[in-house]
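Chains here go by letter, A, B, C and D, matching the order in which they are written, and residues are numbered from 1 within each.
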Amino acid sequence: MSDITLDQANTILSAAFDKGRELGLKPLSIAVLDAGGHLVAFARQDGASTLRPQIACGKAGGALALGVSSRKIADMAAERPSFIASLGPISPHGVIPAAGGIIVVDGYGEPIGAVGITGDLSDNDEACALAGIVAAGLTAQG
Amino acid sequence: MSDITLDQANTILSAAFDKGRELGLKPLSIAVLDAGGHLVAFARQDGASTLRPQIACGKAGGALALGVSSRKIADMAAERPSFIASLGPISPHGVIPAAGGIIVVDGYGEPIGAVGITGDLSDNDEACALAGIVAAGLTAQG
Amino acid sequence: MSDITLDQANTILSAAFDKGRELGLKPLSIAVLDAGGHLVAFARQDGASTLRPQIACGKAGGALALGVSSRKIADMAAERPSFIASLGPISPHGVIPAAGGIIVVDGYGEPIGAVGITGDLSDNDEACALAGIVAAGLTAQG
Amino acid sequence: MSDITLDQANTILSAAFDKGRELGLKPLSIAVLDAGGHLVAFARQDGASTLRPQIACGKAGGALALGVSSRKIADMAAERPSFIASLGPISPHGVIPAAGGIIVVDGYGEPIGAVGITGDLSDNDEACALAGIVAAGLTAQG
(Lines give C-alpha, C1' and ligand atoms only; values in the text may rest on other atoms or scores of the structure.)
Protein backbone atom coordinates (compact mmCIF):
# COMPACT_ATOMS: atom_id res chain seq x y z
CA MET A 1 0.00 0.00 0.00
CA SER A 2 1.29 3.40 -0.87
CA ASP A 3 0.72 6.97 0.27
CA ILE A 4 -2.69 8.20 1.27
CA THR A 5 -4.63 9.50 -1.77
CA LEU A 6 -6.28 12.88 -2.27
CA ASP A 7 -9.69 11.19 -2.31
CA GLN A 8 -8.98 9.59 1.06
CA ALA A 9 -7.67 12.88 2.41
CA ASN A 10 -10.83 14.69 1.30
CA THR A 11 -12.97 12.07 3.03
CA ILE A 12 -10.95 12.56 6.21
CA LEU A 13 -11.44 16.35 6.04
CA SER A 14 -15.16 16.05 5.42
CA ALA A 15 -15.81 13.51 8.19
CA ALA A 16 -13.60 15.31 10.70
CA PHE A 17 -15.43 18.58 10.10
CA ASP A 18 -18.75 16.73 10.50
CA LYS A 19 -17.55 15.40 13.84
CA GLY A 20 -16.54 18.89 14.91
CA ARG A 21 -19.99 20.26 14.04
CA GLU A 22 -21.65 17.35 15.84
CA LEU A 23 -19.62 18.12 18.98
CA GLY A 24 -20.16 21.87 18.63
CA LEU A 25 -16.42 22.60 18.46
CA LYS A 26 -14.64 25.83 17.60
CA PRO A 27 -13.42 26.35 14.01
CA LEU A 28 -11.00 23.57 13.10
CA SER A 29 -7.99 23.38 10.82
CA ILE A 30 -7.09 19.99 9.35
CA ALA A 31 -3.95 18.85 7.55
CA VAL A 32 -3.40 15.50 5.86
CA LEU A 33 0.21 14.63 5.02
CA ASP A 34 1.66 11.73 3.02
CA ALA A 35 4.12 9.30 4.60
CA GLY A 36 7.02 11.61 3.80
CA GLY A 37 5.39 14.53 5.60
CA HIS A 38 4.31 16.40 2.47
CA LEU A 39 0.91 18.11 2.44
CA VAL A 40 -1.88 16.34 0.53
CA ALA A 41 -4.88 18.37 1.68
CA PHE A 42 -5.67 21.14 4.13
CA ALA A 43 -8.69 23.21 5.15
CA ARG A 44 -9.17 25.92 7.79
CA GLN A 45 -12.68 26.85 8.89
CA ASP A 46 -13.69 30.49 8.91
CA GLY A 47 -12.75 32.27 12.10
CA ALA A 48 -9.69 30.14 12.90
CA SER A 49 -6.53 32.09 13.74
CA THR A 50 -3.54 32.52 11.45
CA LEU A 51 -1.05 29.95 12.75
CA ARG A 52 -3.50 27.05 12.50
CA PRO A 53 -2.06 25.71 9.22
CA GLN A 54 1.38 25.36 10.80
CA ILE A 55 0.00 23.84 14.03
CA ALA A 56 -2.05 21.25 12.12
CA CYS A 57 0.99 20.39 9.98
CA GLY A 58 3.24 20.36 13.06
CA LYS A 59 1.02 17.85 14.85
CA ALA A 60 0.86 15.52 11.85
CA GLY A 61 4.45 16.11 10.76
CA GLY A 62 5.83 15.76 14.27
CA ALA A 63 4.03 12.44 14.61
CA LEU A 64 5.64 11.14 11.40
CA ALA A 65 8.99 12.60 12.44
CA LEU A 66 9.10 10.56 15.65
CA GLY A 67 6.86 7.65 14.68
CA VAL A 68 4.26 8.19 17.42
CA SER A 69 1.08 10.26 17.87
CA SER A 70 1.33 13.88 18.97
CA ARG A 71 -0.47 12.81 22.18
CA LYS A 72 2.46 10.52 22.91
CA ILE A 73 4.81 13.38 22.08
CA ALA A 74 2.97 15.50 24.67
CA ASP A 75 3.65 12.77 27.23
CA MET A 76 7.32 12.70 26.21
CA ALA A 77 7.46 16.50 26.53
CA ALA A 78 6.11 16.30 30.06
CA GLU A 79 8.97 13.99 31.03
CA ARG A 80 11.72 15.43 28.84
CA PRO A 81 10.75 18.98 27.90
CA SER A 82 14.18 20.05 26.66
CA PHE A 83 14.52 17.05 24.36
CA ILE A 84 11.19 17.63 22.64
CA ALA A 85 11.78 21.39 22.46
CA SER A 86 15.12 20.76 20.73
CA LEU A 87 13.43 18.97 17.82
CA GLY A 88 11.30 21.87 16.63
CA PRO A 89 14.06 23.82 14.92
CA ILE A 90 15.37 20.77 13.02
CA SER A 91 12.00 19.39 11.87
CA PRO A 92 10.44 20.67 8.61
CA HIS A 93 6.99 21.16 10.19
CA GLY A 94 8.19 21.52 13.78
CA VAL A 95 7.09 19.09 16.49
CA ILE A 96 3.88 20.02 18.36
CA PRO A 97 3.45 18.22 21.70
CA ALA A 98 -0.37 18.15 21.93
CA ALA A 99 -2.99 15.56 20.99
CA GLY A 100 -4.57 15.79 17.54
CA GLY A 101 -1.82 14.37 15.31
CA ILE A 102 -2.30 10.74 14.31
CA ILE A 103 -0.30 8.48 11.99
CA VAL A 104 -2.32 6.47 9.45
CA VAL A 105 -0.93 2.98 8.76
CA ASP A 106 -1.38 0.27 6.16
CA GLY A 107 -2.09 -3.41 6.83
CA TYR A 108 1.56 -3.99 7.81
CA GLY A 109 1.58 -1.12 10.29
CA GLU A 110 3.69 1.04 7.97
CA PRO A 111 2.85 4.78 7.83
CA ILE A 112 0.98 5.94 4.72
CA GLY A 113 0.37 9.45 6.04
CA ALA A 114 -0.84 11.43 9.03
CA VAL A 115 -3.68 13.71 10.10
CA GLY A 116 -3.27 16.81 12.25
CA ILE A 117 -6.13 18.86 13.68
CA THR A 118 -6.14 22.03 15.79
CA GLY A 119 -8.72 24.56 16.93
CA ASP A 120 -10.50 23.16 19.99
CA LEU A 121 -9.26 21.24 23.05
CA SER A 122 -6.58 18.74 22.04
CA ASP A 123 -8.75 15.78 23.06
CA ASN A 124 -11.51 17.04 20.78
CA ASP A 125 -9.10 17.70 17.95
CA GLU A 126 -7.91 14.11 18.25
CA ALA A 127 -11.47 12.71 18.34
CA CYS A 128 -12.15 14.43 15.02
CA ALA A 129 -8.93 13.07 13.50
CA LEU A 130 -9.90 9.54 14.50
CA ALA A 131 -13.43 10.01 13.13
CA GLY A 132 -11.95 11.15 9.82
CA ILE A 133 -9.57 8.22 9.59
CA VAL A 134 -12.34 5.72 10.31
CA ALA A 135 -14.68 7.34 7.77
CA ALA A 136 -12.02 6.88 5.08
CA GLY A 137 -11.77 3.18 5.87
CA LEU A 138 -8.22 3.64 7.10
CA THR A 139 -6.40 2.63 10.28
CA ALA A 140 -4.89 4.85 12.97
CA GLN A 141 -1.53 3.70 14.38
CA GLY A 142 -2.25 1.75 17.58
CA MET B 1 -15.75 42.62 2.27
CA SER B 2 -13.52 40.39 4.31
CA ASP B 3 -11.30 37.40 3.72
CA ILE B 4 -12.13 34.66 1.28
CA THR B 5 -14.19 31.93 3.00
CA LEU B 6 -13.51 28.21 3.15
CA ASP B 7 -16.61 27.58 1.04
CA GLN B 8 -15.30 29.92 -1.65
CA ALA B 9 -11.87 28.31 -1.44
CA ASN B 10 -13.37 24.85 -1.88
CA THR B 11 -15.29 26.04 -4.94
CA ILE B 12 -12.05 27.42 -6.38
CA LEU B 13 -10.26 24.11 -5.80
CA SER B 14 -13.08 22.11 -7.35
CA ALA B 15 -13.45 24.30 -10.44
CA ALA B 16 -9.71 24.62 -10.99
CA PHE B 17 -9.28 20.84 -10.87
CA ASP B 18 -12.18 20.52 -13.33
CA LYS B 19 -10.40 22.91 -15.68
CA GLY B 20 -7.21 20.91 -15.36
CA ARG B 21 -9.00 17.70 -16.25
CA GLU B 22 -10.75 19.42 -19.17
CA LEU B 23 -7.36 20.58 -20.52
CA GLY B 24 -5.72 17.21 -19.83
CA LEU B 25 -3.09 18.72 -17.55
CA LYS B 26 -0.61 16.97 -15.28
CA PRO B 27 -1.49 16.52 -11.57
CA LEU B 28 -2.08 19.96 -10.03
CA SER B 29 -1.55 21.38 -6.57
CA ILE B 30 -3.72 24.31 -5.51
CA ALA B 31 -3.40 26.67 -2.55
CA VAL B 32 -5.89 29.34 -1.49
CA LEU B 33 -4.60 31.94 0.98
CA ASP B 34 -6.48 34.67 2.86
CA ALA B 35 -5.52 38.34 2.52
CA GLY B 36 -2.88 37.94 5.24
CA GLY B 37 -1.19 35.14 3.31
CA HIS B 38 -2.39 32.36 5.62
CA LEU B 39 -3.53 29.07 4.13
CA VAL B 40 -7.29 28.52 3.85
CA ALA B 41 -7.38 25.39 1.68
CA PHE B 42 -4.96 23.19 -0.24
CA ALA B 43 -5.10 20.01 -2.31
CA ARG B 44 -2.43 18.06 -4.22
CA GLN B 45 -3.50 15.54 -6.84
CA ASP B 46 -2.00 12.05 -6.70
CA GLY B 47 1.29 11.80 -8.53
CA ALA B 48 2.39 15.41 -7.96
CA SER B 49 5.94 15.81 -6.64
CA THR B 50 6.81 16.71 -3.07
CA LEU B 51 7.59 20.45 -3.28
CA ARG B 52 4.26 21.34 -4.89
CA PRO B 53 2.63 22.56 -1.65
CA GLN B 54 5.41 25.11 -1.16
CA ILE B 55 5.40 26.18 -4.82
CA ALA B 56 1.62 26.71 -4.86
CA CYS B 57 1.82 28.70 -1.61
CA GLY B 58 4.85 30.61 -2.90
CA LYS B 59 3.01 31.71 -6.04
CA ALA B 60 -0.03 32.90 -4.09
CA GLY B 61 1.94 34.23 -1.13
CA GLY B 62 4.47 36.01 -3.32
CA ALA B 63 1.62 37.69 -5.20
CA LEU B 64 0.13 39.00 -1.94
CA ALA B 65 3.60 39.91 -0.71
CA LEU B 66 4.21 42.26 -3.65
CA GLY B 67 0.63 43.13 -4.58
CA VAL B 68 0.80 41.78 -8.13
CA SER B 69 0.30 38.41 -9.84
CA SER B 70 3.15 35.90 -9.94
CA ARG B 71 3.15 36.38 -13.74
CA LYS B 72 4.01 40.03 -13.16
CA ILE B 73 6.66 38.92 -10.66
CA ALA B 74 8.18 36.73 -13.39
CA ASP B 75 8.41 39.83 -15.59
CA MET B 76 10.03 41.74 -12.74
CA ALA B 77 12.49 38.88 -12.23
CA ALA B 78 13.50 39.04 -15.89
CA GLU B 79 14.40 42.70 -15.47
CA ARG B 80 15.73 42.65 -11.91
CA PRO B 81 16.68 39.06 -11.03
CA SER B 82 18.74 39.92 -7.96
CA PHE B 83 15.96 41.99 -6.44
CA ILE B 84 13.34 39.25 -6.76
CA ALA B 85 15.81 36.59 -5.60
CA SER B 86 16.50 38.62 -2.47
CA LEU B 87 12.86 38.47 -1.41
CA GLY B 88 12.52 34.69 -1.16
CA PRO B 89 14.42 34.19 2.09
CA ILE B 90 12.51 36.99 3.86
CA SER B 91 9.00 36.00 2.72
CA PRO B 92 7.07 33.36 4.74
CA HIS B 93 6.07 31.40 1.62
CA GLY B 94 8.95 32.56 -0.58
CA VAL B 95 8.35 34.48 -3.82
CA ILE B 96 7.92 32.31 -6.93
CA PRO B 97 8.39 34.19 -10.23
CA ALA B 98 6.14 32.11 -12.51
CA ALA B 99 2.53 32.52 -13.64
CA GLY B 100 -0.15 30.72 -11.63
CA GLY B 101 -0.48 32.97 -8.58
CA ILE B 102 -3.42 35.40 -8.68
CA ILE B 103 -4.74 37.89 -6.14
CA VAL B 104 -8.51 37.83 -5.52
CA VAL B 105 -10.06 41.26 -4.87
CA ASP B 106 -13.32 42.63 -3.51
CA GLY B 107 -15.54 45.28 -5.14
CA TYR B 108 -13.14 48.02 -4.07
CA GLY B 109 -10.11 46.28 -5.53
CA GLU B 110 -8.83 45.30 -2.09
CA PRO B 111 -7.24 41.83 -1.73
CA ILE B 112 -9.36 39.20 0.02
CA GLY B 113 -6.98 36.34 -0.73
CA ALA B 114 -4.96 34.65 -3.46
CA VAL B 115 -4.81 31.44 -5.44
CA GLY B 116 -1.61 29.60 -6.40
CA ILE B 117 -1.43 26.61 -8.76
CA THR B 118 1.51 24.47 -9.91
CA GLY B 119 1.97 21.22 -11.79
CA ASP B 120 1.74 21.97 -15.51
CA LEU B 121 3.06 24.80 -17.68
CA SER B 122 2.72 28.11 -15.86
CA ASP B 123 0.23 29.43 -18.41
CA ASN B 124 -1.99 26.42 -17.84
CA ASP B 125 -1.65 26.71 -14.07
CA GLU B 126 -2.82 30.30 -14.33
CA ALA B 127 -5.77 29.41 -16.59
CA CYS B 128 -6.99 26.99 -13.92
CA ALA B 129 -6.58 29.61 -11.18
CA LEU B 130 -8.69 32.07 -13.18
CA ALA B 131 -11.34 29.41 -13.87
CA GLY B 132 -11.57 28.70 -10.17
CA ILE B 133 -11.90 32.35 -9.21
CA VAL B 134 -14.67 32.90 -11.76
CA ALA B 135 -16.52 29.77 -10.64
CA ALA B 136 -16.59 31.11 -7.08
CA GLY B 137 -18.16 34.34 -8.30
CA LEU B 138 -15.04 36.27 -7.30
CA THR B 139 -12.80 38.74 -9.12
CA ALA B 140 -9.15 38.37 -10.09
CA GLN B 141 -6.97 41.47 -9.62
CA GLY B 142 -6.81 43.22 -12.99
CA MET C 1 6.82 -1.40 -3.88
CA SER C 2 7.79 0.81 -1.00
CA ASP C 3 10.72 3.04 -0.11
CA ILE C 4 14.25 2.10 -0.99
CA THR C 5 15.82 -0.08 1.75
CA LEU C 6 19.09 0.49 3.61
CA ASP C 7 20.54 -2.64 1.97
CA GLN C 8 19.73 -1.23 -1.46
CA ALA C 9 21.16 2.14 -0.47
CA ASN C 10 24.40 0.53 0.72
CA THR C 11 24.71 -1.34 -2.57
CA ILE C 12 24.24 1.95 -4.44
CA LEU C 13 26.95 3.64 -2.36
CA SER C 14 29.39 0.79 -2.85
CA ALA C 15 28.86 0.47 -6.60
CA ALA C 16 28.93 4.22 -7.18
CA PHE C 17 32.24 4.54 -5.32
CA ASP C 18 33.60 1.64 -7.38
CA LYS C 19 32.61 3.48 -10.53
CA GLY C 20 34.33 6.62 -9.27
CA ARG C 21 37.54 4.74 -8.59
CA GLU C 22 37.36 3.05 -11.99
CA LEU C 23 37.03 6.45 -13.68
CA GLY C 24 39.71 8.01 -11.46
CA LEU C 25 37.38 10.67 -10.13
CA LYS C 26 37.92 13.10 -7.27
CA PRO C 27 36.52 12.22 -3.81
CA LEU C 28 32.76 11.72 -4.06
CA SER C 29 29.91 12.27 -1.64
CA ILE C 30 26.78 10.19 -2.09
CA ALA C 31 23.32 10.58 -0.57
CA VAL C 32 20.41 8.15 -0.90
CA LEU C 33 16.99 9.51 0.10
CA ASP C 34 13.65 7.74 0.48
CA ALA C 35 10.62 8.82 -1.59
CA GLY C 36 9.76 11.50 0.97
CA GLY C 37 13.22 13.05 0.72
CA HIS C 38 14.51 11.68 4.04
CA LEU C 39 18.10 10.47 4.25
CA VAL C 40 18.61 6.70 4.20
CA ALA C 41 22.39 6.52 3.71
CA PHE C 42 25.29 8.89 3.07
CA ALA C 43 29.05 8.67 2.69
CA ARG C 44 31.72 11.29 1.93
CA GLN C 45 35.14 10.16 0.77
CA ASP C 46 38.22 11.55 2.52
CA GLY C 47 39.34 14.87 1.09
CA ALA C 48 35.91 16.07 -0.04
CA SER C 49 35.00 19.59 1.04
CA THR C 50 32.55 20.49 3.78
CA LEU C 51 29.35 21.36 1.88
CA ARG C 52 29.27 18.07 -0.03
CA PRO C 53 26.63 16.46 2.23
CA GLN C 54 24.21 19.30 1.53
CA ILE C 55 25.00 19.35 -2.22
CA ALA C 56 24.45 15.59 -2.55
CA CYS C 57 21.17 15.87 -0.62
CA GLY C 58 20.18 18.95 -2.62
CA LYS C 59 20.63 17.14 -5.93
CA ALA C 60 18.59 14.12 -4.80
CA GLY C 61 16.07 16.13 -2.80
CA GLY C 62 15.60 18.72 -5.52
CA ALA C 63 14.90 15.93 -8.01
CA LEU C 64 12.19 14.48 -5.77
CA ALA C 65 10.84 17.97 -5.06
CA LEU C 66 10.19 18.67 -8.75
CA GLY C 67 9.80 15.12 -10.04
CA VAL C 68 12.68 15.25 -12.55
CA SER C 69 16.44 14.64 -12.48
CA SER C 70 18.80 17.39 -11.35
CA ARG C 71 20.16 17.39 -14.94
CA LYS C 72 16.70 18.40 -16.13
CA ILE C 73 16.58 21.01 -13.37
CA ALA C 74 19.86 22.42 -14.72
CA ASP C 75 18.20 22.73 -18.14
CA MET C 76 15.23 24.47 -16.53
CA ALA C 77 17.59 26.82 -14.69
CA ALA C 78 19.26 27.78 -17.97
CA GLU C 79 15.88 28.84 -19.36
CA ARG C 80 14.27 30.18 -16.19
CA PRO C 81 17.03 31.01 -13.72
CA SER C 82 14.88 33.10 -11.37
CA PHE C 83 12.23 30.42 -11.06
CA ILE C 84 14.68 27.69 -10.10
CA ALA C 85 16.57 30.04 -7.77
CA SER C 86 13.31 30.86 -5.97
CA LEU C 87 12.79 27.22 -4.98
CA GLY C 88 15.95 26.82 -2.91
CA PRO C 89 14.75 28.72 0.15
CA ILE C 90 11.42 26.83 0.32
CA SER C 91 12.79 23.31 -0.25
CA PRO C 92 14.03 21.25 2.75
CA HIS C 93 17.25 20.20 0.98
CA GLY C 94 17.39 23.12 -1.47
CA VAL C 95 17.26 22.56 -5.24
CA ILE C 96 20.66 22.05 -6.94
CA PRO C 97 20.59 22.61 -10.72
CA ALA C 98 23.42 20.27 -11.79
CA ALA C 99 23.50 16.67 -13.02
CA GLY C 100 24.05 13.93 -10.46
CA GLY C 101 20.63 13.68 -8.82
CA ILE C 102 18.46 10.82 -10.07
CA ILE C 103 15.03 9.58 -9.01
CA VAL C 104 14.70 5.82 -8.49
CA VAL C 105 11.31 4.40 -9.52
CA ASP C 106 9.34 1.21 -8.99
CA GLY C 107 7.67 -0.89 -11.69
CA TYR C 108 4.84 1.63 -11.99
CA GLY C 109 7.18 4.58 -12.44
CA GLU C 110 6.47 5.84 -8.91
CA PRO C 111 9.42 7.28 -6.94
CA ILE C 112 10.85 5.04 -4.21
CA GLY C 113 13.81 7.31 -3.51
CA ALA C 114 16.65 9.26 -5.11
CA VAL C 115 20.43 9.31 -5.37
CA GLY C 116 22.57 12.44 -5.32
CA ILE C 117 26.31 12.54 -6.01
CA THR C 118 28.79 15.40 -5.98
CA GLY C 119 32.57 15.81 -6.12
CA ASP C 120 33.66 15.57 -9.74
CA LEU C 121 32.22 16.95 -12.99
CA SER C 122 28.42 16.71 -12.93
CA ASP C 123 28.40 14.26 -15.84
CA ASN C 124 30.73 11.98 -13.93
CA ASP C 125 28.72 12.33 -10.75
CA GLU C 126 25.65 11.25 -12.69
CA ALA C 127 27.41 8.29 -14.30
CA CYS C 128 28.26 7.00 -10.84
CA ALA C 129 24.68 7.48 -9.64
CA LEU C 130 23.39 5.46 -12.57
CA ALA C 131 25.99 2.74 -11.98
CA GLY C 132 24.89 2.49 -8.37
CA ILE C 133 21.21 2.26 -9.24
CA VAL C 134 21.85 -0.48 -11.81
CA ALA C 135 24.04 -2.45 -9.37
CA ALA C 136 21.19 -2.47 -6.86
CA GLY C 137 18.84 -3.93 -9.47
CA LEU C 138 16.76 -0.76 -9.42
CA THR C 139 15.48 1.57 -12.14
CA ALA C 140 16.36 5.21 -12.79
CA GLN C 141 13.45 7.49 -13.79
CA GLY C 142 13.44 7.69 -17.61
CA MET D 1 45.96 13.29 14.03
CA SER D 2 43.35 14.60 11.64
CA ASP D 3 39.66 14.03 11.00
CA ILE D 4 38.01 10.68 11.28
CA THR D 5 38.19 8.80 7.95
CA LEU D 6 35.35 7.28 5.95
CA ASP D 7 36.80 3.82 6.64
CA GLN D 8 36.71 4.47 10.38
CA ALA D 9 33.19 5.88 10.09
CA ASN D 10 32.01 2.78 8.25
CA THR D 11 33.51 0.56 10.94
CA ILE D 12 31.67 2.59 13.56
CA LEU D 13 28.37 2.20 11.70
CA SER D 14 28.83 -1.51 11.23
CA ALA D 15 29.83 -2.23 14.85
CA ALA D 16 27.12 0.03 16.29
CA PHE D 17 24.44 -1.72 14.24
CA ASP D 18 25.84 -5.09 15.41
CA LYS D 19 25.53 -3.92 19.00
CA GLY D 20 21.95 -2.81 18.37
CA ARG D 21 21.06 -6.21 16.94
CA GLU D 22 22.79 -7.96 19.85
CA LEU D 23 20.72 -5.92 22.32
CA GLY D 24 17.51 -6.34 20.31
CA LEU D 25 17.03 -2.60 19.87
CA LYS D 26 14.59 -0.76 17.63
CA PRO D 27 15.78 0.45 14.20
CA LEU D 28 18.74 2.80 14.69
CA SER D 29 20.01 5.81 12.76
CA ILE D 30 23.70 6.63 13.02
CA ALA D 31 25.63 9.73 11.97
CA VAL D 32 29.39 10.20 12.02
CA LEU D 33 30.62 13.80 11.71
CA ASP D 34 34.16 15.13 11.27
CA ALA D 35 35.71 17.56 13.75
CA GLY D 36 34.09 20.49 11.92
CA GLY D 37 30.63 18.97 12.33
CA HIS D 38 30.30 17.95 8.67
CA LEU D 39 28.71 14.60 7.85
CA VAL D 40 31.10 11.77 6.93
CA ALA D 41 28.70 8.82 6.98
CA PHE D 42 25.10 8.09 7.88
CA ALA D 43 22.71 5.14 7.78
CA ARG D 44 19.08 4.73 8.86
CA GLN D 45 17.70 1.22 9.38
CA ASP D 46 14.41 0.30 7.70
CA GLY D 47 11.39 1.27 9.78
CA ALA D 48 12.99 4.26 11.53
CA SER D 49 10.91 7.45 11.46
CA THR D 50 11.63 10.43 9.25
CA LEU D 51 13.37 12.87 11.63
CA ARG D 52 16.04 10.37 12.68
CA PRO D 53 18.74 11.77 10.35
CA GLN D 54 18.40 15.21 11.97
CA ILE D 55 18.28 13.80 15.51
CA ALA D 56 21.40 11.68 14.97
CA CYS D 57 23.24 14.67 13.47
CA GLY D 58 21.92 16.93 16.23
CA LYS D 59 23.28 14.68 18.96
CA ALA D 60 26.72 14.46 17.37
CA GLY D 61 26.77 18.04 16.12
CA GLY D 62 25.53 19.44 19.42
CA ALA D 63 28.28 17.54 21.23
CA LEU D 64 30.95 19.08 18.99
CA ALA D 65 29.23 22.46 19.24
CA LEU D 66 29.60 22.54 23.02
CA GLY D 67 32.61 20.24 23.46
CA VAL D 68 30.84 17.67 25.64
CA SER D 69 28.70 14.56 25.09
CA SER D 70 24.98 14.94 24.42
CA ARG D 71 24.43 13.14 27.77
CA LYS D 72 26.22 16.02 29.47
CA ILE D 73 24.12 18.43 27.43
CA ALA D 74 21.00 16.71 28.78
CA ASP D 75 22.30 17.37 32.31
CA MET D 76 22.96 21.00 31.41
CA ALA D 77 19.42 21.25 29.96
CA ALA D 78 17.95 19.99 33.24
CA GLU D 79 19.70 22.82 35.08
CA ARG D 80 19.47 25.55 32.47
CA PRO D 81 16.70 24.66 30.01
CA SER D 82 16.39 28.11 28.45
CA PHE D 83 20.11 28.31 27.73
CA ILE D 84 20.24 24.97 25.94
CA ALA D 85 16.98 25.70 24.09
CA SER D 86 18.44 28.97 22.81
CA LEU D 87 21.29 27.15 21.07
CA GLY D 88 19.20 25.00 18.74
CA PRO D 89 18.21 27.69 16.25
CA ILE D 90 21.79 28.98 15.93
CA SER D 91 23.51 25.60 15.54
CA PRO D 92 23.72 24.01 12.05
CA HIS D 93 22.52 20.60 13.28
CA GLY D 94 20.64 21.87 16.32
CA VAL D 95 21.58 20.78 19.84
CA ILE D 96 19.83 17.63 21.11
CA PRO D 97 19.93 17.17 24.88
CA ALA D 98 19.79 13.37 25.11
CA ALA D 99 22.46 10.68 25.44
CA GLY D 100 23.77 9.08 22.25
CA GLY D 101 26.12 11.78 20.93
CA ILE D 102 29.80 11.19 21.69
CA ILE D 103 32.93 13.10 20.69
CA VAL D 104 35.82 11.03 19.32
CA VAL D 105 39.30 12.28 20.32
CA ASP D 106 42.89 11.70 19.24
CA GLY D 107 45.86 10.88 21.51
CA TYR D 108 46.05 14.50 22.65
CA GLY D 109 42.37 14.65 23.57
CA GLU D 110 41.56 16.79 20.53
CA PRO D 111 38.26 16.09 18.70
CA ILE D 112 38.56 14.25 15.38
CA GLY D 113 34.79 13.79 14.96
CA ALA D 114 31.64 12.65 16.72
CA VAL D 115 29.05 9.88 16.60
CA GLY D 116 25.30 10.38 17.10
CA ILE D 117 22.75 7.58 17.41
CA THR D 118 18.96 7.63 17.84
CA GLY D 119 16.13 5.12 17.68
CA ASP D 120 15.96 3.35 21.05
CA LEU D 121 16.30 4.58 24.65
CA SER D 122 19.05 7.16 24.90
CA ASP D 123 21.18 4.93 27.13
CA ASN D 124 21.04 2.17 24.53
CA ASP D 125 21.80 4.60 21.72
CA GLU D 126 24.89 5.68 23.63
CA ALA D 127 26.01 2.11 24.31
CA CYS D 128 25.96 1.47 20.56
CA ALA D 129 27.93 4.64 19.87
CA LEU D 130 30.61 3.58 22.34
CA ALA D 131 30.74 0.07 20.86
CA GLY D 132 31.26 1.56 17.42
CA ILE D 133 34.04 3.86 18.57
CA VAL D 134 35.88 1.01 20.32
CA ALA D 135 35.51 -1.27 17.30
CA ALA D 136 37.21 1.37 15.14
CA GLY D 137 40.16 1.48 17.53
CA LEU D 138 39.30 5.06 18.47
CA THR D 139 38.78 6.85 21.77
CA ALA D 140 35.63 8.45 23.16
CA GLN D 141 36.09 11.76 24.97
CA GLY D 142 36.33 10.99 28.69
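Going forward, a contact is a pair of C-beta atoms (placed from the backbone, for glycine too) under 8 Å apart; a residue touches a chain by one contact, two chains touch by 3 or more.
Please read these numbers as outputs of a predicted model, since none were measured by experiment.
Across A-C and A-B, it is A-B that has more C-beta pairs touching. The distance from the centre of chain A to the centre of chain B, each centre being the mean of the chain's C-alpha atoms, comes to 25 Å. Chain centres here are Cα averages; for chain A and chain C they lie 31 Å apart. Multi-chain contact residues, meaning those touching two or more other chains, occur in chain A at positions 36-38. Here the chains touching each other pair up as A-B, A-C, A-D, B-C, C-D. Those residues of chain B that touch chain C in the complex are listed here as 48-51, 54-55, 58, 74, 77-78, 81, 84-85, 88-89, 93-98. For chain A in complex with chain D, the residues that touch the partner chain are 36-37, 64-67, 80-83, 85-91, 95. Every residue of chain A that touches chain C in the complex is listed here, in rising order: 2, 34-38, 92, 110.
Residues of chain C touching chain D in their complex: 5-6, 9-10, 36, 38-46, 50-53.
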